[in-house]
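Please go over the structures that come below.
Both complexes shown next keep subunit A, but they swap its partner, so subunit B is in the first and subunit C is in the second.
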Partner chain A sequence: MKNQIKIVILGLLVSIFIFIFYFGLGSNTKNNPQVMVFKKLPAIELRSLYDNNIKISLPRLNQEKFYIINIWASWCTPCRDEHPLLMKLGIEKKIKIFGINYKDNQASARSFLKDLGNPFYYVGIDPDGTNSIELGAYGVPETYIIDSKGIIVLKHVGPLNNDVYKKILTKIE
Partner chain B sequence: MEIGRQHMASDFGLVSLVLALMITALVPLLFLKHAAFKTELNYNSFYFFFKISFFLILSAFIFLVISFVFSDFSILAVYENSHIDKPLFYKISGTWGNHEGSMLLFILVISLYGFLFILFSKNLNESLKSTTVFFQSIIQLIFLFFLIFTSNPFEKIIPVPNQGLGLNPILQDPLLAAHPPFLYLGYVGFSLLFSLLLAGLITNQYSANWASIAKRWIFLPWTFLTFGIALGSFWAYYELGWGGYWFWDPVENASLMPWIASTALIHSILVMEKAKKLFNWTAILAILTFVLSLFGTFLVRSGILNSVHAFANDPRRGFFILIIISALTFAAFVIFILKSSRQGKDNASYIFLSREFSILVNNYLLIFALTVVIIGTTYPILLSVFAGESISIGPKYYNTILAPFVFVFLILMAIGPYLKWGKNFFSVVRFKFINILLVSIFLTAIISFILQKQDIVFWLGIACSVYLIISIIYETYYLKFTNLNYGRLFSHAGFGLLIFSITLNYFFSKEFTTKIPLGGSANYQDFKITFVNSFSQKQKNYEELFGYYEVEKGSTKVSLKPSIRKYNQPEQFTSETSIKNQWLSDFYIAMDYSKDPSNGIGVRFYFNYFIGLIWFSFVLITLGGFLGFIQRKNEKSN
Partner chain C sequence: MRFLFCIFLFIYFLSTQLAFSSLDREIEIYKNIRCLVCQGQSLNDSNSDFANDLKKIIKTKLDNNETDKQIYKYLVERYGDWILFDPPIKTKTMFLWLIPLLTLIIGFYILRKKISFSKD
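So, the complex of A and B:
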């Protein structure tokens, strides 16, 4: 009988331990790249894929209501999968898309766009990946929606799909 | 061809890992089957299966190292943490520089200890030995499941990228790369003692004899843990530019908690062996040591503390580790509660001033220190969970609470070994104590006179540590260098020296921050720092600003060349400190960044008094643990 009481007390202590640290785990978002969402876009300057002498900054203030940033690479197969959706957004819906070409060979990046079409308003290169890290990117592909005040209002990690496509459209329209 | 070979390594690795899981699962099943049907277990094949599982885990680990060395980016972990241009050394250390690889190393160490236990326990009775292996294989199985199903190190990435994401430049440091394996050999090594304890309780063999078997399995991990902590401390001093040796940082505390618990355990297990007392207490400490090791890993790795060590950013993994810790703790204490009352009749009476009495008091002091550290480390987490407030607890809390007890602790460490097991021997050795006390008071007076320091805490710190050191020297002389317990002598002398040098360091170190214009100088007490020159250099992804300083103290003059790097993307500063040692003390400068050095640059100057002796003390303590491990048989009851 005495042992049973001890075991019950032990069980209670262990449950309290789990409870506290479970919430401790949940409350921490410091290392999560998602934190960039609803923050102002950092200042990022990118050289153009087509002319390395041209350098432009991603707009932090603009007349457009929204624009899109897409991080991609020619070696990334999921990027190939999402490309038709980017074409729809960029060509059909005429939304400005800034492409960040991530750790890529420039020649293969250009032929990628030549073969599959170029949905981008501007393609900047990020050869060592540092600019993408500044955006809080995990890897490729990733898509961001920026509003007129330069705030990141939506972030999608991984290839775009029809659901995300609809989400982007409802956000923008 | 090259690529084919690379991919093969990762495939073999995954196959080894899955086979290891299946074979490991077989070990406890075999044991349970024979227990259920009460048939005689074929011990040789039982151990053989465990050994096979060890070799499979070892080969999985080697295959992972190979994948890192050959930069096989088809593996997600390699892609995310390595880079073709990394030096070979960092490619290898990159294996455990990420969550998946470090978990594999963790399991490898669990298995290694089980394997060593089988090899070195030839004379142990089979029921205790096989039950220990049974528990060890269960721990191994749990973590293998965790590894394969939540953090598979061989997870593929399709398509194969041609370059990896690299590693944070701050983490590329040789000491940093080397300290996790040592910490793991310590932390995870306590798993074997935990299994041995549960086996002892289950098979009703938890006795004084158990204590003498278990002793060596504490010394080994304790030595590694001590060494790992020392390496981490050394790294923070030389590389991180923190300017000191210990900061009571939560990450440091996470390794200190199991260290304190295991230190208490080493002593209580002696009492259990020699005086046949403290049975329950020893069992609780053994469980606590392993649980605190796991808890330390959880704190450091789960991302609950914001630290350079936080790998498992996925809270789901943190949750699994939390459940594993809780389940192991619960199961172990249930076995303890059900089994301990039947055996090890604790003789609760203690003879005042006997050997075991001194150890008991020392154990209380250690547990007190442990409680202080646990509260200091977890309280900020509790507060942030329940009140949403962020606070940090500084060194002042620890120093103020712990200092007075350390002095008592030192005296007990000096007196205890002279006392006899089971009898009050104090009257016999009383004169020795008084003589040693007089000598240490005399030496303290001399030191205090030379250094011109009058302070009660300073006197106490010096007197108590000198007292311990002299009593050890006297004991060595008294026993005429024969039949010495080198393990204890070295670790105790190391601890005495540690407190001695910490006291000196605490009272005589100088720290001072100022801004000096180019060509100018600053005076602080008897130091004069001159900012002679500076120049900056642009590198590919950072700009490095160098400074040239001259520091004068009396007739000594040293020149220091610190620098600071400003990384562009993301903007991040790393400090390259400059350290020159003079005798056992260090001159240490870290500088700030400034766009225009002629306006002056902020510098942090440290004069670290006797820091060299602190590192030497760490070496002595580690050596003590190692000698305790190899010399264990020599310690006859004295």
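So, the complex of A and C:
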């Protein structure tokens, strides 16, 4: 009887260990760029790329059902790659996109938009990268979808591609 | 004159001590934070854009007299627990902290049993 109890306890302990390791090793405990999703967008203030005296505050509450925030820079090659998709979202689909120009030369940023088209409703500058850190950004490019309550409902790290584009449209429409 | 000189020396000593301790604290925080875009480096070891941006924010927060806890909380809210080198004790990480203790207790129990058995 005593031995049977010992075997049951040992079996239970082994099962607990297997259970912990099975789920522990399977889950992503490492870097998770989605930490900010379903959290409120932190309050940030951005000066306009076209007139440094004009400022805009984010999040914008109850103004749009959804809007997009895109962090970009003229020196960033993947930003150039994703630009046609941003044009589609901003110009064709008429979704408001707030651009955050990350650590860039303002003249280069303006010429980037002049050459490739401007999909942004407003472009704010982040000369030292601190506003992007407020949003939990890792670098450029990065895209966020914000709802009318100021909640981040989608975050994409890296350049947009057709799959993410479809995901954004499904979320918004 | 000698009195004034002593006061000057005292103030100088105090200011250097204060400057050193705040710098030490800053570096200690950098060492505890993982650079998420680097391979196994802390903020202190990295010179990446991401690390430099975070250092700037941490420096501002230290200048605003925020505590280490407040700074870590700010970073964890944005980047998750992975940004810290020391995992915090939470329900999810509880087992991580409890398993060594449990193993030790079970080990001691088995050892005691073995010793009393050999004595018998």
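List of remarks:
What we mean here is this: the second predicted complex is superposed on the first by the 139 of 173 C-alpha atoms of A that agree within 3 Å, B and C clash if a C-alpha of one lies under 4 Å from a C-alpha of the other, contacts with A are read in each partner's own complex, and residues count from 1 in each chain.
Here is the rule we use: a residue touches a chain if its C-beta (ideal position, glycine included) is under 8 Å from a C-beta of that chain, and two chains touch if they have at least 3 such contacts.
Small disclaimer: the values here were computed from a predicted structure and weren't measured.
Looking at the shared chain after the overlay, A:11 reaches subunit B, while subunit C stays out of its contact range. By the touch criterion defined above, A:128 reaches both subunit B and subunit C. Between subunit B and subunit C, the partner in contact with more residues of subunit A is B. When the two structures are aligned on the shared chain, A:94 is found in touch with neither subunit B nor subunit C. When both complexes are overlaid on chain A, the residue A:20 reaches subunit B and subunit C alike.
Contacts of A:114 after superposition on the shared chain: neither subunit B nor subunit C is touched.
Looking at the shared chain after the overlay, A:3 reaches subunit B, while subunit C stays out of its contact range.
Shared-chain residue A:75: touches subunit B; no touch with subunit C. Note: residues 17, 20, 24, 30-32, 103, 128-130, 133-134, 139 of subunit A belong to the subunit B contact set and to the subunit C contact set alike, using the contact criterion stated above. Partner subunit C is touched in their complex by these residues of subunit A: 13, 17, 20, 24, 29-32, 35-36, 39, 103, 128-130, 132-136, 138-139.
Here subunit B touches subunit A in the complex through residues 80, 158-159, 161-163, 165-166, 298, 302-304, 306, 310, 313, 315, 318-319, 322-323, 326, 329-330, 333-334, 337-338, 341, 381-382, 384-385, 541, 568-570, going by the rule given at the top.
Within the complex, the subunit A residues that touch subunit B are 3, 6-7, 10-11, 14, 17-18, 20-28, 30-32, 73, 75-77, 103, 128-131, 133-134, 139.
By the touch rule above, subunit C contacts subunit A in their complex via residues 36-37, 49-50, 52-54, 56-57, 60, 77-82, 95, 99, 106.
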